[in-house]
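Note that the chains take the letters A, B, C and D in the order they are written out, and that residue 1 is the start of every chain.
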Amino acid sequence: MEERIIDVNFGPQHPSTHGVLRVKVKLNGETIVNAEPIIGYLHRNAEKLSEDKFYPSVAIFMDRLDYVSNHNMELGYVLAVEKLAEVQVPERANWIRMMVVELNRIASHLVWAGTMGLDLGMITPFFYTFREREKIIQLFEMLSGARLTYNYISIGGVYKDIPGEFKDKFLEFYNEFPKRLDEIQSLFMENEIFIQRMKGIGYLSPEKAMSYSITGPVLRASGIKYDIRKNFPYLYYDKVDFEIPTAKDGDNFSRFIVRMEEMRQSLKIAKQAFDKMPEGEYFNPLYRKQGLIKIKGKGESYSRTESPRGEFGVYVIGDGTSKPYRVRIRSPAFHALSATNEMVKGSKIADMIATLSTLDPVFGEVDR
Amino acid sequence: MIIEKGKNKDGTDYILIDKESLIDTLSSLKRDGYNYLVLMSAVDYKKYREVVYHLSSYNENKIIVVKVRPEDDTLPSATPIWDSANWFERELYDLMGIKFTGHPNLKRIFLPEGWVGHPLRKDYDLSKEQFVNMNDDGTDRVSFDPKDGW
Amino acid sequence: MKGIIKGLITVTKHMFRKPVTVQYPEEPIPWHTKRFRGRVILNLDSCIGCTLCAQICPNHADHMVHYEYENGKNWRKIYPAVDIGVCTYCGLCQEICPTGSIRLSNEFELAHFDRDMDYLPDRLSRTETELKYHD
Amino acid sequence: MNTIIWLINFILKAIGINFAVYGYYGQLIQTVLVDLIGALLIFLAAAITIIIVIYIFRKYMADLQQRIGPNRVGPYGIFQLIADALKMFGKEDIIPDNTDPLLFRFAPYLVFIPLILSYLLIPYGSLYHWLIIFTNVKVTLLLVLAFSAMVPIGEIIAGFSSGSKYSLLGGIRAAAQDLSYEIPMVLSLVGVIIVSSSLNLYTISSNTIPFAILEPIGFFIFFIAMIAKIAVPPLDLPESESELVSGFNIEYSGLRFGIFYLGVFGNIFFASLFISTVYLGGGSDLPWISGLGYIWLLIKAFIFMFIFLTLWIALPRIRVDKFMNIGWRVLLPLSIINLIWSVGIAALMSGVI
């Protein structure tokens, strides 16, 4: 029989591309011969926009990068500016930051779990994960007054202190969440169809993962124990007790296991941060009120943080004015996406969808 | 050849090298354990442009910054050393207009083909709006006329 | 087969749990806090026209306009106007205001019958409830 | 004589429409008229059933997902489907450029009409008490199989004539899936035919011992084949929303899309009726049991429907090649084993052994 290769464009409007990814696929029947991801449909050039804004205003754009883990994005930027402008941060603020960042990691992974279920044709886990995420968002709303774009972590601290009723809600969430997570996991983990769809699919070797600069859960699922929180501790990650889950196989199923386990570890960190939080100031008064436009720095600094998708870095260059000269963003999912062809070549269309969903790209951040 | 050595504000070491020794330096650094290309960025300092490589390691806790100033905006490509340099270099070409010789697929990555100018340059003309349309054969076309195309 | 049945049981268990959705316009939102960052509101009497809010605004939603209102402190008679269409409710204007005259209320029901998104100082100084009554 | 036809006849005569008095041709006209009204009623009944099934499905899914479900149109949202249908009628019927217009227009009816026709073939009640059987020819099972084999052809035609690559892939998948479930399904039914030595659904369903007990393997195969036939998750391969956007019906809009949509739910309910007729029959001579046969049938069918819906809600989609593997490498050998098994049972029952 004669082989006929057809070109199919998956996306930019497609139910399972997590936004506006377009994948140009060459298909032989249902087998993928070549897959070329094309990005840029959500490009806003946040790097250029940042250049004529004051330092605190740029944090607003960071919120819009990875719109499911906004606190992590803000933290990356704020740490870079704090290094640049030599800002002192009170201890309590750092603990609060750690807590919200870890809670946000859970929220982000929950979104991922739900949408991965949708990609595989399961409708129900999506509702359960979003129910849990809603609780986290309500906690965040209690803290910052916004539901999605928080603008909570500020240069020199955090904007508002933890309110009184937060403790009860947080402890309620802390006690209930592991049970709910087990429930959600039981829908996936032992399901034979799910295992068939995930085991051995989308294999990424550790060498290739390193060559593609992949970080985060995708790298750890390939068996490399690399986490910025352990390797280059920032905030107080060296003072809390947690583990970095890894898996050996490098396939979709390992990525699933790693992320599921990471949620449990994050909850552990958030609880420790909440317990270890000292009383005291939660912001540096020098950089509040009119101090917002007095943040100045000369030189360059690069901050490395572990976002839910991997290493999120912000490279800020200041020229001594109160506006940054250049802001450069390293987005983790960008690199995970660049290895798509490596993972999906030779597999079926359905496998490509599953693989793309385990990479967990968020296009606000990939396209910037 | 190392022109300048120093420390950045965040405490990392940086070296400024010349364009000819870039590939040699990068591959020798990779042999020394810097096997992780964290970030490639380009900065427009008006008088000259600078390409910055952040290198780190997956096994050890170290980081180094390599800077190079390309005259006439061309640099040798680092794709043989790291696969991730592929998209990094496409991005730098797209937004800063730095051409990498030896790159397998040097196309714009974010903006449509045919876009006029490179937005991250400091002399980019922000006053003109550009409109993107699709030709009949599926390629992109850019024009300054808002009424053009559909 | 065992895993499939386990999943089915998990799903069926949820039949006996209460729905978590809130029927919004009829029921109030139970978690709505006082801290919620809603529409910007301006106090005309204390504004000194320092333009700091317009400078810090990341989207240039906040801009200064001339407005005839005498409060004794604002001798240039310029007051902030906010284009609600591009406002991101980040709260930086509230943070930077030296007199506390611009702040974020917790009103979020901003639907009107006209499409005038640009809130001039006069409109900005009144709450949504007052505006609705006025309509 | 059928109860419903008798009722129609009675009502017609009561309001003064009676051609039967005008001799032979008058009687013929009367019969045709009564049959036409009966067919219309069946069509309406099927449409209403489908609407009820969709409503139940939405509420049931909402319940399992801790939501409320439709609750705006009418009390408890019961008129939501009518509102949806009105919206579908109001939509523009778009026919894209590079389609085959005739086949494109024709395909939805090829899916829907056989489905409605196959509703006519189910024996709803007993032959002796409250007769609610519309057609009782000797080969109803064959007719049902013939009608249900037409449905995938409609899907394939829809997929191929749309002129879109997604729908082409959906059409190919529909063909592949059709081939891999239909042969085991028919073979498992052959077992039933051998044991009951009849092609009539009424005779099969009034077998004293239900076939689910006599032939558990056949029942299992048939159950899986039914999930594949109705093409809902976990086996909604031709549609597979997250991979092929909407599969074979991607280019359809308005009323034609609505027909496909109704077809899915009509198929679910028909599959539940079919499986409970064939495999969970179990007739009885007692009049208070067999006289209320349609109630038992409905209860069984609803149980099966809820099983199908729960599977839809809870399970991920099987990959297309894996399902073909299951069809050819597991179900087909199993159905041949089942065939041998049922020959043994038939011999045992007829006293040969």
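Definition applied: a residue touches a chain if its C-beta (ideal position, glycine included) is under 8 Å from a C-beta of that chain, and two chains touch if they have at least 3 such contacts.
Quick caveat, the model's predicted, so the values are computed rather than measured.
Trainee: Can you list every chain that touches chain A and also touches chain C?
Mentor: D
Trainee: For chain C and chain D, what is the smallest step count along a path of chains that touch one another?
Mentor: Tracing touching chains, the least step count from chain C to chain D comes to 1.
Trainee: Could you put a whole-Å number on the gap between the CA centroids of chain B and chain C?
Mentor: Centres of chain B and chain C (C-alpha means) sit 40 Å apart.
Trainee: List the centre-to-centre spacing of chain B and chain D in whole Å, with centres computed as mean CA coordinates.
Mentor: 60
Trainee: Between chain A and chain D, tell me the centre distance in angstrom, where each centre is the average of that chain's C-alpha atoms.
Mentor: Each chain reduced to its C-alpha mean, chain A and chain D end up 46 Å apart.
Trainee: Suppose each chain is reduced to the average of its Cα coordinates; what separation in Å results between chain A and chain B?
Mentor: Computed value for the inter-centroid distance: 24 Å.
Trainee: Residues of chain D that touch two or more other chains: which are they?
Mentor: Within chain D, the residues that touch at least two other chains are 64-67, 313-315.
Trainee: Scan chain A for residues touching two or more other chains and write them down.
Mentor: Only 124, 128, 131, 187, 191, 193-194 qualify.
Trainee: For chain C, jot down the residues that touch at least 2 other chains.
Mentor: Within chain C, the residues that touch at least two other chains are 4, 7, 10-11, 14, 20.
Trainee: Which chains touch, pair by pair?
Mentor: By the stated definition, chains touch in these pairs: A-B, A-C, A-D, C-D.
Trainee: Please output the residues of chain C touching chain A within their complex, sorted ascending.
Mentor: So the residues of chain C in touch with chain A come to 1-4, 6-7, 10-11, 14, 20, 31, 33, 35-37, 52, 55-59, 88-92, 95-96, 98, 104, 106.
Trainee: Quick check: in the complex, which residue numbers of chain C touch chain D?
Mentor: 4, 7-8, 10-12, 14-15, 17-21, 23
Trainee: Going by the contact rule at the top, pick out the chain B residues touching chain A in the complex.
Mentor: It comes out as residues 8-10, 12, 35-39, 41, 43-44, 52, 54, 58, 61, 63, 65, 82-84, 86-87, 95, 108-112, 119-120, 124.
Trainee: How about chain A: which of its residues touch chain C in the complex?
Mentor: Of all residues in chain A, those touching chain C are 53-54, 56-58, 60-61, 124, 128, 131, 134, 138, 141-146, 149, 151, 159-160, 163, 183, 186-187, 189-195, 288-290, 292-293.
Trainee: Show which residues of chain A lie in contact with chain D when the two form their complex.
Mentor: 6, 8, 14-16, 27, 29-30, 117-124, 127-128, 131, 187, 191, 193-194, 196-197, 348-351, 353
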